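Listed below are the structures to be examined.
Both of the next two complexes hold chain A, though its partner changes from chain B to chain C.
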Partner chain A sequence: MSPSNVPATSMEARMAALKERFIEDTLLQTCELERLAACLAQPGDKADVRQEIGRIAHRLAGRAGIFAFSVLTARASELEHFVLSHRSDADLRGLTETVAPEIRRVIRDDEAGCGVVEGPKDGPGSDGS
Partner chain B sequence: MFLDNKLIGVARVNEQDQDRGGLSPEGSAIRKSVKFFEEDARIEQCASMISGLGYRPVDGRGEQTEGACVAVLINTQVDPDLTLAREQVARHRVILLADETSFEFKLAAARAGVEAILSTPLDTVELGAWLDDYDTGEAEPLSILIVDDDEIAAEAFAFALEAADMRARILTDPGRVLEEISSNTPDLILLDMHMPVADGMEVAQIIRQSRRNLSLPIIFLSAEQDVERQRQARKLGGDDFINKSVGFDHLASLVRMRAERAVALRQIGERDSLTGLLNHARFKDRVAVELERCRRTGSQFSVCLLDIDHFKQVNDTKGHQVGDRVIQTLSHTNSH
Partner chain C sequence: MESASSIQLAVLDDDPIFLEYISAMLGHGGDMEITQASNGQQLLRALKAGPMDCVLVDYNLGAENGLNIAETIRATIPNAPPIVMLTGGGSERTAVKAFRSGFSDYVSKRDLNKHELVTAIRSAVGTRKKAQSETIEADLIKKRLQFDNVTGLYGAQFMQERLGEFTGRRAPSAFGIVLIKLRNLAQIRASLGHIAGDRLLHNFAKRLNLATHAGDLCGSLDDDGFLYLIDRDVDARTISECCRRLAQELTLEVNLDRSVVQIIPAIGAAMAPADGTDPVALIQAAQQALDTAAANGKPFGTAFAEAAAAVGASSQPDASTSPERDRAEPSLINERDERRAERRQRVFKRGTMYLRQGDAVIDCTVRNLSAAGALLRVDIYFAAPDRFDLLVVGSGNKRAVETKWQSGNDIGVQFLKGSE
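Right after this comes the complex of A and B.
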């Protein structure tokens, strides 16, 4: 497929559909982050919980950049850094509980002002960063 | 490829190949042209060589070019101060034919916008290779393999590459990377650094375990900032890093530059210096790949053996230089 044989509107529609999938999956992952944050408050070994938070955060950081949500990239990277730098369970839980509602707010704001969907470009992102 | 005087070629039959010569609605062949500016005494020889390479020769001092002009060939004997070259660069790709080899001359040519300089006597294979590079209208699009367990991210990268006229395939299971390389021969791999089964560095190591894949460029998709990890990744076979947040245009541009360079280098390394055809080792690899493709798709496959009868007589009566030109022209004509 190429711009020469595919109408621009098809390309835009394809990117819009992809962004829609990103948003749906991110909202699901946000619920999972909140569930994992609650697990951090429970007694016992949290290695698996921490690893899963790190995995979700890493994936979100990469994907959010693709769709030009640079604030989400920054916050998710921070979360991943907390895991990699072995910050305490309490610290990690606190940050996770802070980041999760931020993710929802950024996505809600983007949907409210949703326009033509494009790929990432140099400069301000979808989240106004 | 040639074995002694035998030309061996591989052909897959499909409609696209049959159209490669380009036919007008009336059925007459349309050849792309190469314009040349040559000394009077060499015009005929130059035209013959261009024609032998499958292009329509156009004398720049007289005829007008019709249709697509692949390149302009200028002998510096008729354009010593590169005025003509500078004029032609605005519309065409320019190849200079020159005996001058000094750095100063090459710098002046580069500043004039000249892309290639060939020495005299003109080497048919080298000229043919440049023209093939420029004749992109018939070239296959670059084939890029994206290995990323994140399907949404991979699809976004594929979108960016396809929008830039490249062909992208997505592989979310790194365990199938060798199978994919073997069956689809990508020109470049975009490889995610962080994957659950095997990380990007490990996958790069596995790819590089085969000599056949040593020259296949690998670009890591990563936000990796750790310089030591980046160094380690390059040591294990990665060529470059691209941040996942990079703009689509920038991503496509970087990938295209790397892939085109790799394709050009691969063609030099894989081809016989006299004929420009695949060398022995690469020919065998190519036959294996085509056989595999035909088994998979059920398409037809042919190997053609051409034997030039009494070729020694050509060398004995016309000299080895002419003999070489016969082989070069025949091989080039048959490979187009």
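Right after this comes the complex of A and C.
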């Protein structure tokens, strides 16, 4: 890490560590989404699978915004809405398989420094601290 | 840096990353102290462990639901703090549900705005503080109304209500009433004026308060009369004995400016249900006994059969004290001394009473002081709250005290543990 990347305050360090945790966890959850999407193609009752997709999407939608991933919030909300509105397994599978690579791409772009940054309104770091 | 006025905030969210984020964001300024909880059980434990100013609850908690948790908080935590809902869903329906369930405010997680969230928390805390101070104010007013301004004893309305409660009991039990009047109050008022009459009444009430048992109710009945309700050890003998003792202890001389005034009480007693079953009948019976005794030059009279003739109803007040009397009616002065763990020393220092977290400040004189408590005197009568802070000028910090008794302008307080 170059000196210019060293966090200036403990608050920034805390936020940087949290964002790191968020990214790691989100990538793990993306793998899980892909596994669940594959399950939707299998015969049998999918209630648990759908519920788990909804849970992951809900959590991602809630936390992505705070780390400036507003695109992820929107896509995860859409996925959650598919679950809540009882869309067909095929529709849900299709969207899940579309969203998962998008999540990876957005995170990769952010790490490469070319992500679209739209942080939380007046969030930490935006108050000059 | 945490300040004394920082908001104690409990945050409940099942997402550890979001929980950590919210805690960092809100705790960053130093004006909020955050307690984290990842499920309802943890939150309830935190609320039971210490007071919180506000609770921030996520709506969707997986297995749990923010609405149910809020209901549990309100059902199990006395004086529950205001609850602000955080939600990822953000639907109007959820917002309506939140407000209907008594949430103070509602903030969306998905386009989280720090300013909006902080404003919601501060507003909820402010509204609660305002409501609490209004309740304290109302309690103070209510308490003040219970007491008579002139005598410092319970007021007439309060005594009438208690008498009504005594007679209205579903399972009537015996109790006694003693009516006490100042025979010469009208003359004193006519010759020395009303202010002097009020001072006399005040002194008389102080003596009456000391002469009555702490467990009984005693207060004003009207402009010049007092009512003493006795509901323990009620029989003709004990009430007659009580009247005799009151006649002795309330016959006194009072210095009013340059005049020495002799106070002579007139006392009449009645018992329920024998002498009446409603307040009016009982007071009439006691008044009649009082009038008859006064007309006959007796120190007191009773409406009930004079089973206590042996105790000297027709004799003049006797200063001697029988051992029997000591068992039945221990002197209140002795009893107060026994309640005190240590002897107090006369100090006569200036003191300051801080009421309602310092919103009201009243000067007082600290007359006696010990390690356990103090006797305070205020210049103007007011009903002291159950608890307040006391600063004895020149002796260090404010200390939390509990009001143990009040007699007019004198207030006995006990220092609360841990307030040094």
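Assume the second predicted complex is superposed on the first by the 107 of 129 C-alpha atoms of A that agree within 3 Å, B and C clash if a C-alpha of one lies under 4 Å from a C-alpha of the other, contacts with A are read in each partner's own complex, and residues count from 1 in each chain.
Definition applied: contacts are C-beta pairs under 8 Å (C-beta built on N, C-alpha and C of every residue); 3 or more make two chains touch, one makes a residue touch a chain.
Source: prediction; values computed, not measured.
Chemist: Quick check for you: in the superposed arrangement, does A:G94 touch first (chain B), second (chain C), both or neither?
Modeler: In the superposition, A:G94 touches no partner, neither chain B nor chain C.
Chemist: What residues on chain A does chain C touch that chain B touches too?
Modeler: Residues 11, 14-15, 18, 21-22, 25, 55, 58-59, 61-63, 65-66, 73, 77, 120-122 of chain A touch both chain B and chain C.
Chemist: Enumerate the contact residues on chain A facing chain C in the complex.
Modeler: 11, 14-15, 18, 21-22, 25, 55, 58-59, 61-63, 65-66, 73, 77, 120-124, 126-127, 129
Chemist: Using the touch definition from the top, list the residues of chain B that touch chain A in their complex.
Modeler: 141, 150, 152-153, 155-157, 159-160, 162-165, 194, 196, 221, 223, 243-250
Chemist: Sort out for me which residues of chain C touch chain A in the complex.
Modeler: Going through chain C, the ones touching chain A are 15, 17-18, 20-21, 24-25, 28, 60, 62, 88-89, 109-116.
Chemist: Give every residue of chain A touching chain B within the complex, in rising order.
Modeler: 1-4, 11, 14-15, 18, 21-22, 25, 55, 58-59, 61-67, 70, 73, 77, 119-122
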